[in-house]
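Note that the chains are named A, B, C, D, E and F in the order they appear, and that numbering of residues resets to 1 at the start of each chain.
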Amino acid sequence: MIRRILPWPLTSLFLLAMWLLLNQTLSLGHILLGALLAVGIPLWTAPLRPVRARLRRPAVAVKLLGVVILDSIKSNFDVARVILGSKAKRDNSGFIRMPLALQDPHGLTTLALILTAIPGTVCIELADDKSWLLIHVLDLNDEQFWIDTIRTRYEQPLMEIFE
Amino acid sequence: MMLSWHDHLMIVPIVLPMLVAGLMLLLGEGRATAKAVVNVAATVTLLAVAIALLRQADAGPVRVAVYLAANWPAPFGIALALDRLSAIMLLLTAIMALGSLLYSLARWHRAGVHFHPLFQLQLMGLNGAFLTADLFNLFVFFEILLAASYGLLLHGSGPQRVKAGLHYIAVNLVGSSLFLIGVALIYGVTGTLNMADVAVRIGQVEASDRMLMEAGAAILGVAFLTKAGAWPLNFWLPPSYAAASPPAAALFSIMTKVGVYVILRLSLLMFGDQAGESSGFVQQWILYIGLATLTFGTLGMLASQNTGRLAGFAVIISSGTLLSAIGFGRDSVTAAALFYLVSSTLALGAFFLLQELMERSRTFGADLLAVTLEAFGLDRPVDAEEDMSTTDIGVAIPAAMAFLGLSFIACALVLSGLPPLSGFVAKFALLTTILNPDGLTPEIGSPEPVLAWVLLGLLVVSGLTTVVSLTRIGIRAFWVPSGRAQPRLRVIEVFPIAAMLVLGIVLMVQAQPAMRYFTDTARALHHPDDYVRGIMSARQAGPGGATP
Amino acid sequence: MEVIIAIAIGALGGSGIWLLLRPRTFQVIMGISLVSYAVNLFIFSMGKLSLDQIPILRASRASEVADYADPLPQALVLTAIVIGFAMTALFLVLMLASRGLSGTDHVDGREGE
Amino acid sequence: MSLLILLALPFAGSVVAALLPANARNREAWLAGLVALAGTVQAALLYPEISYGGVVRYEFAWLPSLGLNFVLRMDGLAWIFSLMITGIGLLVVLYARYYMSPEDPVPRFFSFFLAFMGAMLGVVLSGNLIQLALFWELTSLVSFLLIGYWHHRPDARRGARMALTVTAAGGLCLFAGILVLGHIVGSYDLETVLSSGDLIRSHPVYEVALVLIALGALTKSAQFPFHFWLPHAMAAPTPVSAYLHSATMVKAGVFLLARLWPVLAGTEEWFWIIGGAGLCTLLLGAYTAIFQQDLKGLLAYSTISHLGLITLLLGLGSPLALVAAVFHIMNHATFKASLFMAAGIIDHECGTRDIRRLSGLAQVMPITATLAMVAGAAMAGVPLLNGFISKEMFFTEAVVVGNAVGMSHALPIAATVAGAFSVAYSWRFLHDVFFGPPPHDLPRTPHEAPRWMRFPAEVLAFLCLAVGVAPGYTIAPFLATAVRAILGEAVPSYSLAIWHGFNLPLVMSFVALVGGSALYMILQKTLRLSTVERLPLFYRFNGKRAFERIMTLATALADRLTNSLGARGLQSQLLGIVAFAILVAVVTLYGRPLLMPAAQTSPIDPTFAILWLIGIACAIGTAYQAKYHRLASLIMMGGAGLVTCITFVWFSAPDLALTQLLVEVVTTILLLLGLRWLPRRKEPRELGIRVPAIAWLHRVRDLAIAVAGGAGMALLAYAVLTRPYPDTISNYFLERALTEGGGTNVVNVLLVDFRGFDTLGEISVLGIVALTVYALLRRFRPAPESIALPHQQIDQGKTDAAARAGDDPAVGYLLMPSVLIRLALPIIALFAVFLFMRGHNLPGGGFVAGLTLSVAFILQYMVGGTAWVESKMRLHPQRWIGLGLLFAVLTGMGAWLFGYPFLTSHGAHLHLPLVGEIHVPSAFLFDLGVFSLVVGATMLILTALGHQSIRSHRAAQQAEAELPRGGARWK
Amino acid sequence: MTGEMMLPLWAEILVSLLLAAGGVLTLVGCLGLWRFHSFYQRMHGPTLGATMGMVFIVLASMLYFTMTDEGPALHEVLIAVFLTLTVPATTLMLARAALYRHRRAGKDVPLPDGATTAARFRTDTLDDEHYYSVDEKKGPPPTP
Amino acid sequence: MNGMLEWASLFSLLCIAVAMLLATLRLLKGPAAQDRVLALDTMYICAMLMLLVLGIRTGSTEYFEAAVTIALLGFVSSVALAKFLLRGEVIE
């Protein structure tokens, strides 16, 4: 029953929060209206979202978020250094192909999101059979190092969360 | 003050088509018959409303009915104003609309989707343009009528229409940009958009700013002249009108008149006698352009070898005549020009309809067939019911050829200004007022300005060329034996043509009452104080003027 | 600032006009878009151009009408933008149809400059 | 009233005749005959009233304010003409009954015939000059139809067209001339005009009026140099010729000259123009007639010549010459009609009217021969026939006036020569046809015509004789009446006696008779007239050829001028419009200080300067790349749009910025959708073509225009920006938006309330365009080069297929983006609601919200593909449009219920539990309509374009595998 | 410039620093966009602006408006969230498109068959050749 | 407004503007279509940041709407362009 009314509880929650943030208010009227919209809109658009996501371990998720933020800050400065640095430093980039264990679409998307959010790595291509991920790294010294880092820091937590 | 139902009559010509269009869209895509019925009913209603409005406008010596949309007072909100000029244009629109609509019911309305809603929206645009007293609102209605005309022009598709449509739209888009620039400049200098208010504020504009306003008006004028089909801005006209489906073209015959209408209204409102030196300047420009247009139309008429192009040049001649008459700047000439406007619009409409019937046995179906061959060669025709088959065009009514011939002659007479139909009266009225703008009084030794003589000559020559060209076409269509079968007509196609021509006859017989009306109209136009005062003093509805 | 706005209008308008006069349909459609930018800015510049004077009434400043930007040109530009968008769409489709039917993207439906 | 009946009768008869069945020959003839008879009787009965200068007048107001009333007026002149028209009409009807073949569509003939009779009566009876011109043109028109009666024959068509062109042109000149007369006199009433002769003749524009009226009269009466149409009009059936070209149509010209004689004649100009034309025509017509090989051709030229005679008489300007002219008009009508009938009989019975083939007919058709000889003699001016008397009067006047104007030799000699010519061609007619060896080898065996077919000619021949023998008893009173009508009391004394004593005119007559006979014999002997193929001496002057050459030349010239004054290409058209606009602006502004010396400017913000550096670079880049690198150009335009958008925010217009941004996004998608169907252009470099120099020249020109246009806009904008801001109506809005409009966002209140009417129109435009686009795409045919799948899809096809396990296409390469974009759908939708809800108070509103929502959906189309999205969720964009329109209109109409004008805003205060007071203005509902329409229209446009891809996929699939039709059917 | 609200000094310093840092980061990122030689390298540049640059400025804005307005100004968070969600969508598709185009042009990029998992592709000289729009430079189609 | 904040915001604005200018240069130069798309996307982000800074500079919250709209919807045209490059058509 709840499933039918709230097919996407997290989305709905996010929508409600978004509504309140947008309106910058906590008035009862807006909470009610926001709740109504937060339930109604996902219901209306549900047919267009075929894949269901499940979030299993919120704690891991929070921790992952922290890791990502820290990594992001760090690599921001790394990348800035590369850009401002010498030509040799700039021309040290390349692809890595990382074998994947993660298979959940949302998990994969989040991985891509993380890789994009961290400057210096860009997710380029996902194999059609989801067996590997092609990543471009700006400052590439050791492929295996990168693969291992990504696997341990991001992929494994994500598998915990989504699978 | 609360408004009664009667007071809302004025806005019906705008609201009703929109409402009907919305309803028709809800009907879905098929249901052509239902839409046709709704459309006819709405158009007949519009005709009735237009007649009622005409009577209302003609009730007193000077009567400007003002409708404050959204109930905001005049210079601020959008005001609609109905005077005699608007009323007659509304009536003319309704008549042409009903004629083309009935004609289209024979088969054209099935040549593509959404004919009926587009048709109604076209009427909305036309009516709105005739009613509004706000410059920017005028732009909006212009865009409506243009957008709908694009739709109607392309109705039925085909290479010819698409090419003509491309030119037509490109030109009009440039025209619309000019329109906006002009309106913006006028607003930038006067700080208002209401036509009447602009007229009032023009006098108060400082001398150093004045030229900006005039530049704005000039650019605006270019936009209107483009729409009116004035040389050198009218080269889009003959191909587009020739390409449009006949009912659309017939309705288009009033489209150039919208441009003429606006020029007439605005030039007299903004640059009337009160505008001092710039007044004569504006009039003179219009006169020159009108003469050039007339010349161009005459030449084109003589040169054109097919009916479609010829009809297009007839439109240009009509515009040129009107513009030069307006450029004359005398109320008697304006009155005659209005008579001419009505008469020539009716004839042009009938001619556009007739043209297809004449060509029917020759080229019918060729262009449609080309489109029906589907793009990929694999699809079935998109919608079997909407593609017309050539078999059921109509039953052959007796003497179809005789009817066509007679109607053709009648059209030719009106267009060329030969007797005995309304075209003659119109041309006579024009010529006599040009020579005697102050009425027929014997006057010795005062030679008229040269331009009057030039115009006189051009009008005569244009009439002659029209005769020559139409004879050429007519002989080719009716007299040269070609072994064609009798064209098959339907009563519903024949009726509108006949009706428009009969109206021409009525106009001729009732020349005096009609002329009286036009004289009153022209007088009011040339003395716009009442119009301005009427709009500026219109009272809001409701207690204290404010809305609750 | 006025100079910049004026130059901007001029540059957009000039580029647009140049494109309008070109022989290819796609050029014309880009020209139409650029000209409409220019025209929109032009209309916009007829009002008061001022920083941070949004025509949204606030209780604290409601008394002083002169503090606000001129809302009318803004409303006009809005309408113009919408209409411009509609016309671009229409012209685009027509351009495609013309390309398909005539086999060329020349504005006159046949080649030749 | 009787005049009205007289006039209306033929027209009524014409209508009735037209409605009769095609084979009712007798009924038709009876009808026409009765009408003509009634007319004759009616006209005859009026004689007592008009004799001795009386005038019958009938008038009713038609267009009095412009001096145009319907006036019928019969005086002596009109009476004579009326009688001629109806009387000879009656005879011609009788004749035509036998002449017309049963196969001819007789109703049309009699219908036109009667109409012509009416028109002609209208001309002579008009008491208002404008009305005269009206009927005048009517005669041209009907005669056109009559001449072209046998329109399957090319010569008939050509003749008819020529006649119409010439006479209608003349008619228009006449019309103009009459207008000038009216301008001089101040009235179009005939009587007023006739009484203002001195005024007219002394007016500075008298010459203009004279020339114009003369042009009308001379063309109508086939006078030199406009005479050439008449012989070609002989393609008409002979009854038509007998009627039109003897008694009526061509007489209209001389009638007019006679009618206006009192006001126009008597001046030197009149003499030279009218008289000169008459004299030339007289001589040329007579001379040409001698050499004709066609009976009717001969008669046609003789008609021309006789009309020239009449014109010359009128042109002489003396009262006695006028008398002679009027007299000759009547005489000519009788003998020429009779001759035409005779020619018709010959044609009818022999099957040919070629003089070369005819001879000796006097033996086989003696009665016809006699009749023809009487009439022919009258034409030649043989004594004891009516032609003699009027010719005698002509000679007299030639001598008298010739002395007066100093042409004491020239004029009489010319007159005598013309007389001799006419004798010669009369000989030609009579001798060649009726005498000589018996005819042989004719298409038909000739025999005498039926009794009643001859009768009309008999009547006319008898009249010739009667008038010729006893003029004083027969014609004198009528002539007197007619002349009095023109000259009033100033009628000179004249005598209609046959014998005036032995005087110079008699000598001239004698010389003419003898000389003419001699001339005929000499010519016959030396030239063998039957073998003359072309006109001696004057063959170079061929009116018809000249006319046709002029017409062709005019058409060609017009064509060239139209082409050089006009433009068919779009580029030149747009160039013209832009250049014209610039020109107009420059002319307006020329020489006036555009820029204020003390301009108030604000300091330049460097950021903003950089911003527009970007914008301008993008704009120019767009222009530069649009030809070959469309995508690049499109992206650059996005940059320019973005800068515009920031400018709007910068200058306090967040609503504009939002709209601009969204429109920008939607436009980009739209153009990309379009680019799919636009095959790539190759650069000339790639094709190995060099751009011709002329193209560079065009580019330079266009660049100049573009720079001028841009600079113009910039200058105008700068000029306005640096001027003090005017007192605008905006303050009103600012003051009342909150208090009366109920919203703090003034722009939005403007859109939905103050100027809601504009918005109503604006959404209509959007709706119309969407419908048009949809309709156009229903019949869309893509460019052949772009029908195939894009190479990307072909390349990736295999992986696609592998990845597409289920329905959802958002796998494989699209997997990750699709998750994000699908997540975005509810978020954007909520944002749309947010924008919508706050519109009235803060930036946003129905339009922006609608665009936002449609963008959200389009994103789904992008990742999911059309087929998948539509199988999951159907939007019916057309219904959204319809609903939007209805919602907006009905909201507007809601105000009517409260007695307020359309679109007046109302507000309702709803009290909801828990939430509290909510203010719901009607503008909110209106905005909802806007929202709905925008969603519908945008979706309709974009998806209609998107659907084309489905069609092409389907086509590609089918072409490949001949699979049964699959995929979602586009609805 | 017309703001009349006063901030405490610490907040002012913080806001100023955040603003400056955000601006500089964005600038550096775009510098990268301009300086790098290959497309894949360029992709890294703008992420600076889209991540930390954006975060700094959003933080500055939040801080500023929280201090000047009545309540906490949290709605700027939405910008950060939205940007984080939407930027990858573009990047992913664009990268994929570039890869496809490079493959089609016969460039030295990883092929989709996964055979060369560990191969290292230098990307810094990829784009030296000039080419224009969508579909020119017919190369051999990629072998799947 | 305090001097420091004013200078900082001006500095920030200038930085972003120059950043945008660099992106524009990339947009104009290309060389490939994907570079231009990337540049346009970057310009959108810069524009959004510029609006935020402008909001601080003027102390007004009205710039927020535009900024949030760019953040949420600015990517759409880039996505469409990328899709076009990738698949040859935007909507399949």
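Convention: a residue touches a chain if its C-beta (ideal position, glycine included) is under 8 Å from a C-beta of that chain, and two chains touch if they have at least 3 such contacts.
What you see is a predicted model, and the numbers here were worked out from it, not measured in a lab.
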item	value
Chains in simultaneous contact with subunit A and subunit B	D
Smallest count of steps, each to a touching chain, taking subunit B to subunit F	2
Path length in the contact graph (subunit E to subunit F, fewest steps)	1
Among all chain pairs, the one with the most C-beta contacts	B-D
Relative to subunit E, chain with the most remote C-alpha centre	D
Chain nearest the global centroid, as defined over all protein CA atoms shown	B
Rounded Å distance between subunit A and subunit D, as computed from the means of their C-alpha atoms	73
Subunit A and subunit F, separation of their C-alpha mean positions in angstrom	22
Distance from the mean Cα position of subunit D to that of subunit C, given in whole angstrom	40
Subunit A and subunit E, separation of their C-alpha mean positions in angstrom	15
For subunit B, residues that touch 2 or more chains besides their own	136, 140, 143, 147, 150, 154, 157, 166-167, 170, 174, 181, 185, 187-188, 193, 375
Contacts with 2+ other chains: residues of subunit A	18, 22, 109, 112-113, 123, 125, 128
Residues of subunit C whose C-beta touches two or more other chains	20, 28, 42, 45-46, 51-52, 54, 56, 72, 79, 83, 86-87, 90, 94-95, 97, 100-101, 107-108
Interfacial residue positions of subunit C with respect to subunit D in the complex	1-24, 26-31, 33-34, 37-38, 40-42, 44-58, 62, 65-66, 68-72, 74-75, 77-79, 81-90, 92-97, 99-101, 103, 105, 107-108, 113
Touch list for subunit C against partner subunit B, complex	20, 25, 28, 32, 35-36, 39, 42-43, 45-46, 72-73, 76, 79-80, 83, 86-87, 90-91, 94-95, 97-98, 100-102, 107-109
List of subunit D residues in touch with subunit A within their complex	799, 802-803, 808, 811-813, 815-816, 819-820, 822-823, 825-827, 829-831, 833-834, 838, 860, 864, 869, 872-873, 912, 914-916, 918
List of subunit D residues in touch with subunit E within their complex	628-632, 680, 790-792, 795-796, 798-799, 813-814, 816-817, 820-821, 823-824, 827
For the subunit E and subunit A complex, residues of the former touching the latter	25, 28-29, 31-32, 35-38, 40-41, 43-45, 47-48, 51-52, 71, 73-75, 77-78, 84-85, 87-88, 91-92, 95-96, 99, 109-110, 112, 114, 116-125
